[in-house]
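Have a look at the structure below before the remarks.
The letters A, B and C name the chains in turn, as written, and every chain counts its residues from 1.
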Amino acid sequence: MNSRLAAITLNTFREAVRDRVLYNLIIFALLLVASAPLFGQISLGLEKLILVNVGLSSISIFGVIIAIFIGIGLVSKEIEKRTLYTILSRPVRRWEFITGKYLGLLLTLVVNAAFMTIGFFVALLVVTRTFTRDDAGFLVAIYFIILQFFIVTAITLLFSSFSSPIFSAIFAFALFVIGTFAEDLRNFAAISEGVTKWLATSAAWLVPNFSALNVIAQVAHGDHISIQLVLFNTLYALLYSAAAIAVAVLIFERRNLK
Amino acid sequence: MSALEILGLAKNYAVGFWRKSLKTALQPLHLTVEEGEVFGFLGPNGAGKTTTLKLLMGIVFPTSGSARILGHDFHDPDVKKQIGFLPEQPYFYDYLSAPELLDYYAELCGVSSEERRKRIPALLDRVGLPDVGKTQLRKFSKGMLQRVGIAQAIIHDPKIVFLDEPMSGLDPLGRREIRELLQELKDQGKTVFFSTHILSDAEALCDRVAVIHKGELRGIGVVEDLQSKSASKTEVVWHGSHALAAVSRWVSETRTTGEIVRAVASSQDLDMLLEKLRQQHAQIVSVTPVHGTLEDYFLTHTSESETAKV
Amino acid sequence: MKSRRTSTIVAVAVLVLAFAGSLLALHQVDQVRGKQATLEEILYIPSGKTLKKMSLGYTGLLADIYWTRAVQYFGKKHQDEAMHYELLGPLLDITTDLDPHLIIAYEFGSIFLSQSPPAGAGQPDKAVALVEKGIRANPDRWRFYFTLGYIHYFDRKDYKAAREAFQTGSEKPGAYFWMKVMAAEMAHRAGESSLAEEIWARLLESSQDEMVKDNARQHLAALQVEKEIDEINQRIAIFRQKTGQQPSSWLNLIRAGLLRGIPIDTLHNPLKLMPDGTIQVADPDKYQFLTKGLPPGYKRRVKHPPN
């Protein structure tokens, strides 16, 4: 394995871990998960359902927020602060830099999700006193959430490779929201006509389809998620992310830094 | 094989709202630096020194031209193992400590972990940062950062080192230390290319210098040759400030401290001055030849009316 | 620059292949998730009210999204000539919970719900509930009452309820006059003759439109005749009780003291007493809206109520 790539990946991970923003978000998220059992007081008999929905949704949303918050700085911050100069004067290829940053942030998100998952299962244990076989479904849901991170991080990095931190954040977040409603965009495309239809259809297929990766409601009701769905979602997330990173590399390799 | 060959590197920027007009940051530059040389790249602020270095490092891409470093194309990533770079007013990852930064940077250059373990403490010592331990770089002063900067430029033992204003942010003691360091590098046979607008540093360290102004190369040559182009003078120090009035015609740059006067006279006026001082019963303290400075050469070549001549 | 060229080629190749691959993978994902892709989650949301709280104030937008989904759902089912539209009701419910003023959801949604399958969900009771919900949130919209009346009339055949709807709606600001016409028509069908009469009389009095007046007159005439026929039938029933026989002519009844003279219709034509004891009008064609006293098998050019 390319040792430079590994070095950059691990350094990015180290950077994220030492970033104080991360801790605030994590603590807030854990609090949310911990307080979920209280929601059960509101509607009797639904503690588990609510805990699962709130818990998994928190892991998802907070992961996305962290991905965007830290992701926007990955490249643009280095350019603005010029820490990149001494990196580029070394045998580091520009694509290695981008990819290393990506993998490093991804590693951070996975580790973060792992901690939150543990917290989630602890809360679950407190509420239900036991685990059932259905609970394995939660792991699938969390796996899909991680796939979501693959995509969100990639598109954030893509924007970060050519625009400022603020705009990268706005674009990435907007794309996340649109991607969440990708199915509705398709519905809209189906109803509309002419140019609008063409535009809407293209957009519907171009934006990342996050609704396909969200099975929280299903696992909350103990539904089984098919192996095929796992397989195809994995392929989709990996390929889409690869495409986004490829664009980021293409842009960054040509960029005259200030 | 030369250490550095700059072959017509040039950079233009499109400026203005509609990106229509062209601003020239660097006109086609031709320059060669031999191995083991200490080469000074002089010029006022905004002359194009930093642009040249950014082009060489691959931070910005040239509008035209190319360069060769140690015989390889300047964009070849592998040749960068032999290059060290210190940018102007550097900024490093502030969440790392100095040893962590050096370790990371050295790893990126392919230095083995054993070597890193050996070199880092020694190097930090050598640049004057022996006790920084685990302190994060965000807490470092400007001077300390500059030293870290130099350390990261040489941690991987490169053959050629590029420095942009290496003395900036340093106090006189620091500057002396760095000057010694650069001399050491030279003694080790490394090639040093540094840009500065402080002429005394260039005089003290460089074998050759080039003067650049408004993106254009204005002059290049061996330091001694350029110095002797300006008139030689003699510095005279005497006791007896009353004598100053009588000799003022033949001196310049006078400085009086109590009874002691220090003044500078040109070679032809020297005899007359000494004679007059004796007549005034002044006591001569010292007579020292003053080397011509680069300053004149510099000023001549950075005046507005000058056209390029290399 | 050689190394950049290599990595450019690789990056472009990755981009093209990966993106194309991702589209293929997405297509497969769609297949696996099935046609209900978007709508799985609505099965799990307890209610529109919960969703409203979760939507952080963007209820209008979310309502529009759910309305679009409802339309899509309906459209697909309709196209497939489905017999069951289970999710339509919940979707419309959520939509209107999110935005109680999304008129179109009530108006069109209720029609989709009430139509019989495969044209619609065949749930007129749910449709009525939806419109009534709309009325509660938008009390002055007379058109809701029209929709309500229409559903009662067409799908539920509950003429009394239809009449109530049309009548209430006709009082609302801006209501078109024929709401009253519809109310009267429904009253007639529901057998609420005196109410119908009242409404027609008022219409005759208040309307400026000659066609409307004529229409009202026709209705009133028909009602009048029907009232008379009912009255006479009552007398015939008494006669039968008393004598154990059908009266063979008007004279029987007059002699029995049950009638004062030969009954006539509003056109001063005598009514006919048939051998089987039923009553018929002399000239049914003159009575556009007559529903009683018609010869068996009589077919009139049917005049539909105005839309």
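Just so we're on the same page, contacts are C-beta pairs under 8 Å (C-beta built on N, C-alpha and C of every residue); 3 or more make two chains touch, one makes a residue touch a chain.
For clarity, every value in this text was computed on a predicted model and none was experimentally measured.
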item	value
Chain with minimal offset from the mean of all protein Cα atoms	A
Two chains sharing the most C-beta contacts	A-C
Between subunit B and subunit A, distance of the C-alpha-averaged centres to the nearest whole Å	48
Centre distance in Å when subunit B and subunit C are each reduced to the mean of their C-alpha atoms	92
Multi-partner residues of subunit B (each touching 2 or more other chains)	77
Residue numbers of subunit A (touch at least two other chains)	93
Where subunit C touches two or more other chains at once, by residue number	3-4
Subunit A contact footprint on subunit B (complex, rising order)	54, 57-61, 77-78, 80-81, 83-87, 90-93, 95-96, 104-105, 107-110, 149, 152-153, 162
Subunit B partner contacts - residues on subunit A that touch it in the complex	3-4, 7-8, 11, 14-15, 18-19, 81-93, 254, 256-257
In the complex with subunit C, residue positions of subunit A that touch it	43, 93-95, 181, 183-184, 187-188, 190-191, 205, 209, 211-212, 217-218, 220-221, 226, 228-229, 232-233, 235-236, 239-240, 242-243, 245-247, 249-250, 253
Complex contact set, residues of subunit C against subunit A	3-4, 7-8, 11-12, 14-15, 18-19, 21-23, 25-26, 28-30, 32-33, 37-38, 40-41, 43-46, 65, 68-69, 71-72, 75
